[in-house]
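Below are two complexes that have subunit A in common, paired first with subunit B and then with subunit C.
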Partner chain A sequence: MTALTTDTPSTTPHSPAELREKKDRRRAIALLSPGLLWMTLFMVLPMAMVIYVSFWTQTTFSVNSTLTTASWERFLSSATYLGAIWTTLRIWLIVLIATIVVGYPVALFIGLFVRNKTLQTALLVACVIPFWTSFLIRVIAWRPMLGTEGAINMILMKLGIISEPLTFLLFSEFSVLVGMTQIYCVFMVGPITFMLGRIDISVIEAARDLGASFGTIFRRIILPLSLPGVMVGSIFVSVMVLGEFATAASLSGRKTNLLGNIIVSQVGSLKWAFAAVAGVVLTIIITAVIALALRLVDLRKEM
Partner chain B sequence: MESRILRPTLALYTVLFLLFLYGPMIVLTILSFQSADGGPQFPIREWSVYWYEHLLGFAETSRVSQLPVGDSLLRSIVLAFMTTVVSTVLGVMSAEAFRTRFKGSGPAFYLIILGMMVPGVLVGLGMALLSNTLGIARAWWGTSFVLHVVYTYPFAFLVMLAIFNRFDRTVEEASLSLGVSPAQTFRRVTFPIIFPGVLSAMLFSFTLSYDEFARTLFTAGRELTLPLAIYGTFSVEIYPNIFAFGVLTTLFSFTLLVIYGLLMKRFTSKASRYSGQEDA
Partner chain C sequence: MLTLNQVSRRYGGATALDGVDFVVPENTYMALLGASGAGKTTLLRLIAGFEEPDQGTISLNGARIDGQPSHLRDIGFVFQNFALFPHLSVAENVAFGLRHRAHAPLTNETEIKDRTEAALELVGLTGFGHRGVSAISGGQRQRVALARTLVCEPRIVLLDEPLGALDANLRSRMCDELKAIRERLGVSFLHVTGSETEALTMGDQVAVLANGRIMQSDAPDMLFSHPGNAEAARHLNAWNIFDAGLCSHDLGQGPIAVRFDQIDVSDPGAAPTERPSLHATYLTGEFNGPTALSFFRAADGTLLQVVDHLSQPRLPDLVEGQGYDLHFAADALRQFHGAA
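Up next is the complex of A and B:
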């Protein structure tokens, strides 16, 4: 991009527009290649490696590159591992729905009902602030909250609602669901608020002047216009929950085993091929979910 | 809108939501002031700062071993800094490339975005397998570092893309056609416009990398980063020293946020002063 682009008509048969396009393209490639190279070497290649190693032969403490489907057969015939797939899908679906149900009204309030820009920003910032605490600390913070001697049991007992501490609160699937919903909810609130904030208020006012009830306005205007936000939020929440293992590891008391937990424990016992199989299964699930979501929303257009 | 009922209900709901969001951290902060003989739960036996002293190594040796924070904290900060520099540079370059339309921009876009989508445990596993096969030693400054960039570079890229989208290209071209040198144009025109974006991209990259755990777990080798050190204490019984640690790291992050805010404010006020002079 120098000032000399349009200087002299060149002797080549190409038009200036064509030349410029070619030059722009070369420049774009030059600027992009370091990033794309980085992604290829350090993301695509490792992922290809996972697929490759899932067909390696696992011996007691190591793998060798003799190709076999033994790990796959063992994985697909084991009730424990098939159970992990089911657990992963179940937790993902419940957390996804929970984040939508919990987050949507908040987004509705912040995006549509708060007209004051400062208050709107303040509320959004308030939602984001917990992210400045370490992820692992936010997970562990649920232990003193939900434990048998934790805050919730203590309050409920003081109020006389229960006489015995509730034991299902911590070290159960329940605590994993609560923890994940709290941690990932904001990724749902953000995009939905953003989409709701873009709705032209006069459209809603027009509908109301024409006699539409709030239910109708919500169903016919607000909900459709906010759906791209729900989709973007769902993509965020889905990829994060599906790849999770830390929350389950620290809040479920080893009762909930997601595919991520399987990978971690297999790597811990040096069963690389087996971890790779679990990794490929997880990749397939995530790819399917993202592909489905991308059919419903164009990510590039929404950003 | 039937806002007479709906608005207060939603407002109350939002308050409850914020309580849900903050509750655990509030409880954790309260419990971090537990006395030395107290456990990680209620009741508070006696208010004290014992666990903070314990964390910082001032307390006498006790039944609880000290959290290994010193070296790991330093490693995490250095790693986050390296990640910030590289991913911001890559992000700015890639976003600049996307200002012109070119063939294959779609796949390139999704290849970059994939970096923030792929679960850390998967790329971590892949990188560990790759380094095993190639015989490369795993280390936080090598195998972990490249994965951190894979994660934060897409964020930096998206932030810069949003900035460039709002950036009128003709301003740059006007400057150039008025005979201002490209270097001068970048310094006086381009940079001031994109600087807030660069700062945001850096903040994103730093905080994401500083807190990154899944991508580091399999790739850090022997020397632990801070999140790994915390994770190591999960498997054993937890003590209020983790809570004290949580409070301190949160304060540290807020300091970063305040620095960012001050830089941003200082920069924007300088910019508005400059345009004021233009008018005069």
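Up next is the complex of A and C:
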């Protein structure tokens, strides 16, 4: 038998565990600090500034830092601005539902029915191809599609389905909805595809083996397992649609005023305090929507 | 009774199953032994209906089931990775089939609850119903998968390497339990495995699947002592298969087989003349606890193994690299005719 000694002379006052913990903490701080600095400089400070400016006094041609709630009072008592909140929420909700309705089947196909990883990636890349051109061009490209002399009207007239051009297609809320759904759909498809792709195919086979029809399997297994993807997609789409102004500006013919459009026009006429109020209201709405989405699905548990 | 008649399945150019004829009788624990890649899982998937055969028919109790949608076949399938529904609790997993099957689903919640609890009791998981499936151990997941299948009272239960994901200890315990559960239910189990010990322990009958065909289907002791062909013998991992021409006596042509434990070793020239013998070089030994395995290389390069039980040692002291005579009783050998 050989006796082993496990005593090694201890030279440092700290245990290895303590040292390791210290090192880990230092590393965490080092990794966090660039992000924290960035967020402070470009988000927290500007946000605070916007809130501050929203209480400034606005006269027709200038703004000064005397604090007042006048801008807030005017905003909250004006039918136009409250209407803009309502329009923003309505369009957000319709676009959100439309992207889910259009995007989910696409994601279902790519994520579940295409089991070849290469083909899956190729199809996802294909979804992103429209993004190779600039945002504004993508929006404006809808004009020759939807206009009175546009492609859709021409085809419908040629086919004899309509006798005169449909005028609601362009420069209406409809065209804004179509444009936004097309632009933001891919942000819904991506996360849902990702979640669906993670479903073990044998889980679906097990459900089949237990006697469930495809409809039941979709309702009881596939849909619940993909819900976190729907939530992440919804958060993406919501954040982008709620802050939108360009699609509405170029496709609505100035008939649809979102909060984003109000901010743009107020800034354009140098009404800083008023733009700030609209900005704060918009931020509150977005925060509330995200909080609600996170309440519905516990992402930390699901991802 | 499950009957497969000339069932074939090809994937592109590769043939997984090539005219399988196979019968699983009523109330039987059938073990299906095959190397990995032999087409065992394919066979189960064809029976369950996840895939369809290219040729041949599958019938259950005389009625054809191939071509039927898998969710209407009433066949239980226990997956190797268990395939539990990750978002449902243990009880919800077990109740899934009762509640959501297309044919005759149960709507009475009390009945669902009673049957779920009975199934959990059967597999020894009473009181685990409310747990999440990620909060239980591998062995418990295996039991949930089994309960989930059994609660639907399928006409036959297919188990795809059900013990593969468990550690050795748990495996031997589950072996006994699976057998006991099956006997209590009186339904046929078709258990697929790559381990000959598992197959011989579990099966009332053992079938060997190789080269896309069933090589032999027999009672375990019959199969072990009288393999019908070289392929079956090879899968038992207890038979040396070598060419008859290597031996001192004229044993004819073609492959013959002698069990690891029926070969004796002598110094060159010292082998009893009435016993067939062959010359081989000792390579190395492997100590396994109650047994010791010695490896020899025959003149034509065939690897031969001799097992020695520590309680009855019969081998001389062996030196690596030296030649020895291996000999065996003439009635210990199995001779195969036809292809190896």
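Keep this in mind: the second predicted complex is superposed on the first by the 281 of 303 C-alpha atoms of A that agree within 3 Å, B and C clash if a C-alpha of one lies under 4 Å from a C-alpha of the other, contacts with A are read in each partner's own complex, and residues count from 1 in each chain.
We adopt the following convention: a contact is a pair of C-beta atoms (placed from the backbone, for glycine too) under 8 Å apart; a residue touches a chain by one contact, two chains touch by 3 or more.
Everything numeric here is computed off the predicted structure, so don't read it as measured data.
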So, after the overlay on subunit A, do subunit B and subunit C clash or fit? They fit
Check: Given the touch rule stated above, what does A:Thr118 touch, subunit B (first), subunit C (second), both, or neither?
Finding: neither
Ask   = After superposition on the shared chain, which partner residues are touched by A:Ile263: those of subunit B (first), subunit C (second), both, or neither?
value = first
Max touched-residue count on subunit A (subunit B vs subunit C) belongs to chain B
Touch check for A:Ala276: first (subunit B), second (subunit C), both, or neither?
first
Practice problem: Would you sort A:Arg208 into first (subunit B), second (subunit C), both or neither based on which partner it touches? | Solution: both
So, A:Asp200: does it touch subunit B (first), subunit C (second), both, or neither? second
Classify the contacts of A:Thr80 with the two partner chains as first (subunit B alone), second (subunit C alone), both, or neither.
-> neither
TODO: Applying the touch criterion given at the start, work out whether A:Thr133 contacts subunit B, subunit C, both or neither, answering first, second, both or neither.
DONE: first
Once both structures are overlaid, the C-alpha centre of subunit A sees subunit B and subunit C separated by an angle, to the nearest 10 degrees, of 90
Exercise for the section: Would you check which partner chain A:Ser163 touches, where first means subunit B only, second means subunit C only, and both and neither mean what they say? Expected result: neither
Q. Which holds for A:Thr60: it touches subunit B only (first), subunit C only (second), both, or neither?
A. neither
Once superposed, subunit B sits from subunit C at a minimum Cα distance (Å) of 8
Subunit A residues where the subunit B and subunit C footprints coincide 208, 213
Residue positions on subunit B within touch of subunit A in the complex are 1-3, 6-7, 10-11, 13-14, 17-18, 20-25, 27-28, 31, 40-43, 90-91, 93-94, 96-98, 100-103, 105-106, 108-109, 111-115, 117-123, 125-130, 132-133, 146-147, 149-150, 153, 157-158, 161-162, 172, 176-177, 179, 182, 207, 211, 213-214, 217-218, 226-227, 230-231, 234, 238, 242-243, 245-246, 249-250, 253-254, 256-257
Note: in the complex, subunit C contacts subunit A through residues 48-50, 70-72, 74-77, 79, 81, 83-87, 96-97, 100-103, 105, 148-149, 152
Seen from subunit A, its contact residues with subunit C in the complex are 200, 202-203, 205-213, 216, 220-221, 224-225
The subunit A residues in contact with subunit B across the complex are 1-3, 24-25, 27-32, 34-36, 38-50, 53, 102, 105-106, 108-110, 113, 123, 126-127, 130-138, 140-145, 147, 149-151, 154, 182, 185-186, 204, 208, 213-214, 217, 235, 239-240, 242-246, 249-250, 260, 263-264, 267, 272, 275-276, 279, 282-283, 286, 290, 299-300, 303
